[in-house]
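Quick one: the structure is below, and I'll ask about it shortly.
Per-chain numbering from 1; labels A, B, C and D assigned in written order.
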Amino acid sequence: MANSLGQLFRITTWGESHGGGVGVVVDGCPPRIKLSEADIQPDLDRRRPGQSSIVTPRKESDTVQILSGTFEGKTLGTPISMWVKNTDQRSEAYNEMAEKFRPSHADYTYQAKYGFRAWPGGGRTSARETIGRVAAGAIAKKILREKFGVEVLAYVSQVQHIKTDVDVNTVQFDDIESNIVRCPDQVIAQKMIRLIEKMRGEGNSVGGIVGCVARGVPAGWGEPVFDRLEADLAKAMLSLPATKGFEIGSGFAGTLMTGLEHNDAFRMKGGKVHTTTNLSGGIQGGISNGEPIYFRVAFKPVATVMHEQDTVSTKLKNTTLKGRGRHDPCVLPRAVPMVEAMTALVLLDHALRQKAQCG
Amino acid sequence: MANSLGQLFRITTWGESHGGGVGVVVDGCPPRIKLSEADIQPDLDRRRPGQSSIVTPRKESDTVQILSGTFEGKTLGTPISMWVKNTDQRSEAYNEMAEKFRPSHADYTYQAKYGFRAWPGGGRTSARETIGRVAAGAIAKKILREKFGVEVLAYVSQVQHIKTDVDVNTVQFDDIESNIVRCPDQVIAQKMIRLIEKMRGEGNSVGGIVGCVARGVPAGWGEPVFDRLEADLAKAMLSLPATKGFEIGSGFAGTLMTGLEHNDAFRMKGGKVHTTTNLSGGIQGGISNGEPIYFRVAFKPVATVMHEQDTVSTKLKNTTLKGRGRHDPCVLPRAVPMVEAMTALVLLDHALRQKAQCG
Amino acid sequence: MANSLGQLFRITTWGESHGGGVGVVVDGCPPRIKLSEADIQPDLDRRRPGQSSIVTPRKESDTVQILSGTFEGKTLGTPISMWVKNTDQRSEAYNEMAEKFRPSHADYTYQAKYGFRAWPGGGRTSARETIGRVAAGAIAKKILREKFGVEVLAYVSQVQHIKTDVDVNTVQFDDIESNIVRCPDQVIAQKMIRLIEKMRGEGNSVGGIVGCVARGVPAGWGEPVFDRLEADLAKAMLSLPATKGFEIGSGFAGTLMTGLEHNDAFRMKGGKVHTTTNLSGGIQGGISNGEPIYFRVAFKPVATVMHEQDTVSTKLKNTTLKGRGRHDPCVLPRAVPMVEAMTALVLLDHALRQKAQCG
Amino acid sequence: MANSLGQLFRITTWGESHGGGVGVVVDGCPPRIKLSEADIQPDLDRRRPGQSSIVTPRKESDTVQILSGTFEGKTLGTPISMWVKNTDQRSEAYNEMAEKFRPSHADYTYQAKYGFRAWPGGGRTSARETIGRVAAGAIAKKILREKFGVEVLAYVSQVQHIKTDVDVNTVQFDDIESNIVRCPDQVIAQKMIRLIEKMRGEGNSVGGIVGCVARGVPAGWGEPVFDRLEADLAKAMLSLPATKGFEIGSGFAGTLMTGLEHNDAFRMKGGKVHTTTNLSGGIQGGISNGEPIYFRVAFKPVATVMHEQDTVSTKLKNTTLKGRGRHDPCVLPRAVPMVEAMTALVLLDHALRQKAQCG
């Protein structure tokens, strides 16, 4: 279904920018895992608007509440329902969004699909929808870390033309989190921040690339054919708002190499099968091979800009629309916890599938 | 499940390079569609090895048979079972593949996952698995064309460093099929062919990019959140063997633009809402907007090369392995019908979902 | 997944007797349906404890709140999240339920499955879980009624040995609701009520049979093979707490007839194909035939009785346990809205599936 | 999907009475299980027409072939495709079935649903469809037996008015198979056979009840809420042709008892939790409790009888139709392996789900 993801660790998100709140139901969580709101809130804070000078200034506290699925601080194996109340709902007596389709937003396509749409705040297309994903992902990350020894790290590797190379074997969480743009290269991070601040000043926006690595995944996760691990990762990433591309391992650059150059040779190392290079990105034939899994996700520049743009009205007349109010010049810093969450959800689901069939 | 794709037009593929054959079951096909093997065989022929001088010379006739789901030349609405017999099974008294893991193939990961693998011909990882996809995709393409007026075209736009720009609004099937590399630019096609032939001579291989466009998709297909149309397309493409990346619309290049540059302005045209540019790639918020849907898929160079390479044995000793026998220097020409098939399967599934909820 | 039901109109319930509340997420609801809490609350009131002298006296207001999926009083096509807060949580300083498994409850099996259980109020096994089903079912009933002209009615036809025949072609909602046991036969209803009151006085309990009819279902809903309409109804009914059996049309009694006696002859009536008898129960080959769909569901007597019974402790010692406190002598009156809800959920799901494939 | 069953051990059946054959794809089978056609053929032979004097005399050899999913006699973990060729297709130059709807068959409902139907042999509604189920079920039974120590036995306990009580704790396969009606009570079996032979002589038919027991299921299989073990069993049974009812444990008779009488007391026995009675039927709260799981399935009398009956034509005129040719006076003996197969499929699926979440 459109609003559910996963076969065995399955999440269903709900909620719009208007209405009572946003949330998620997690079905299939293993029992007896220690869990409280304190495990989840930190990732929601990393996702939250208003956390720094380079993201949207909207003030939302985004305090998560676990409504079900735990008892005496541990998971029961029953559905975990979590939600965040909506608090920042301004009464908008008149709003142009009700009468005009914002360019490169989903206003028009929702109207075309459903014949009806919730215009305040973008409704279901609001980035608030990702709260449920990040909350569920925090649980998945915890289980991956504690039960499987898997670490998932995302980071900003490029903002428009400013980029850095990240060593996926060594990058650390603290380096990523030590600056507000979440780029582990501290020098480049400052350049990125300056660019984003410039964009804010101009009422414009930029996109870029979020990289992600999962270390510690054992060989054997993933499925042949349709549910290849990279296929499920690609879907998970392209399901995030504003994404335009996904590449794993050598990615698009790998198309420039020959087979001889591209192949990852196997060698024994410490009694285990190992590849001397990792252009495969940790996955071969849809199944993890024990090397770090790494990939990159392209995010387009945020569509809301503070400039007059051509558009059409809901009455199908040509008109113009100028963005107003809160302005998010770059989604990347807040996308980092989203990419981590989606990665963790995919990996944990495949870990459980592996256990079911081959465990 | 690992071997099924789609919610409403659902396919399940089966089969290995050894054994009785390969096939597919299509569940959910609308009734009363005219259908016979003649609708399916042409795409299988485009996928077939040995069709030209630049693909693997294996001789397989790949003749499809419909076993169920039709009556008097029309679909019944019941499952359509199709298969192709395996005929090219050489008895291999001794085969190094049984005792060594081929680099950048899935031999090792299958062994790690299942504790067992079918080494002759690669088993389930053989490209023969895609026969079922292409057969099912041929049905989906036919329904899209006849019932929804949607045309799906894939083509080779890049072979290693040799590339061309393809106008997704105007590219035609006949131009694509007029050369053996399936590139609509006839001049560039010849260069590609020469490069591939050179690679064959060197026992090496190259990858590249397959582009695809779907024209005629109405506004409103696709789902919010997890089953965004581009997310399902990304998954479908990354589920194909040898793929390393997917990008839609502006893709990775779009990360270099500002929001002002990237936004697609809406204008009325012929009484319909239209975008003056199409950097979105025909999808906004996960839902089609009526513009052409186009995307690009990165294929790595084929892993089998005729050179000695480092690897490990199934007994976990370092060793070397040299590819022998049939050699496929470039998968791209045969990938074209695969990309079309996967695209059609995703689109038709969403067409039916749209009808169910909003029709 | 364990906590979801339906392919296209899909519900996911969550919540325990302890914790924040219980709720449901409805995914796949058609857009532009008028919907507010007032459409849902009446069925929750029919399900509520404490509504009459013959059900459990627990006082719960069970006030539903719609958190998402609507705008300006209409459905958006996005997930509808509904919940009811938990309010009746007594602090139980010491509770035997923590240390002993209640006979014929699920305490032991949950412990065996999950290695952990929420003992207060029965956790996820509490009848409160059905709140989400009834809330979602109220939406399904409304859509069936307004968009498809289908009416779903359930009723109590038997309490232990006291039973009545109900004419499924003519039974009316008002007759069912005119007494607290929800039996459309007013004379028999009084006998049932007296029996239940006697059981309450004795600290004992009784079961019985809930019948259900769906009128107005057109021919063509339901699927061949595994998702036959009666198969999905059987599953839905057996998923309700305390159910032990399901029979459709002639049911178990039909096994005593010969083929000649049992067959429903076809005759034309008012220009439509009609059966002169309806031993099939409105479904043939898994697909509705246009006649009323009717079936019966067996409910066992409630397991909690106010008597000392043999059991074992969580430390695996033989012991005894006596039910205390609130006592529900008969679940049937409250099961009526549950059966209606489950029926409506199955029917609407199949209505949408029919539209998708054959519409 | 309509033609698939199971979450983790998932089967998809295909095929009609006309066309190339009937078959099944099994997805999710654990790897490294010894498997050949010899494991499957015996159950197909028990299902086969023409096996004795009391079933339909149609001569079908029903020889199964495994097309994929095994290598060197063991499962690979990849999809297992199995099929049986259609051989008994008589050319029927003129057939009344093309022009008239058979009473209490699915001819009319298929026509109403799909606007088209395969009339020869009943198409997809033919009992041949169950070949795929029985073949897949044979694999599930083998895995349950060898990997989990679970034994599944079905038997005929009632033919019309002739019935016997079967002790589910002690009934043995050899007793069931020692007569052609598959009733473990040899005296009653003879009476059943005589009744069925009488029905054959009269061109009439009878139904009855198939009982089933699963012994050795550990406590903890099954899921709360919608996928309760008894709910999935009920669905599986009601998905079989000609079924009209399902009851587990005390079933409908349990509605006549009080709670005090009905509760199963827990006692320790051999260090394990045990119930002194088993009115629950081995399942409590949807989860197995370690006692034998037993249930009963009602089968209506076969609809095809050799008598003139009222019906309507495909041109919607009143007419009559008389059954001709091969006549199956009682489906029960052949239903026994079908009930076993469906039971095994449900149990194994839940065994794998239990392993995934709680293993």
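We adopt the following convention: a contact is a pair of C-beta atoms (placed from the backbone, for glycine too) under 8 Å apart; a residue touches a chain by one contact, two chains touch by 3 or more.
Keep in mind the model is a prediction, meaning the values are calculated, not measured.
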item	value
Which of B-D and A-D has more C-beta pairs touching across its chains	B-D
Distance-maximising chain from chain D - centres being C-alpha averages	A
Whole-Å gap separating chain A and chain D, where each centre is the average of the chain's CA atoms	46
Between chain D and chain C, distance of the C-alpha-averaged centres to the nearest whole Å	26
Chain centre separation (chain B, chain D; CA means) in Å	39
For chain B, residues contacting two or more additional chains	1-4, 7, 13, 28, 31, 77-78, 113-115, 124, 224, 353, 358
Of all residues in chain D, those that touch chain B in their complex	1-4, 10, 12-16, 18-23, 25, 27-28, 31-32, 65-71, 74, 76-81, 83, 113-118, 123-124
Chain B to chain A touching residues, read off their complex	1-5, 7, 13, 101, 103-106, 108-110, 112-115, 124-125, 129, 158, 160-161, 199, 204-209, 218-228, 230-239, 241, 243-252, 254-268, 271, 273, 275-276, 279-281, 283-290, 298-305, 307, 309-312, 316-318, 353-354, 358
Contact set on chain A toward chain D in their complex	7-8, 28-31, 77-78, 224, 352-353, 355-359
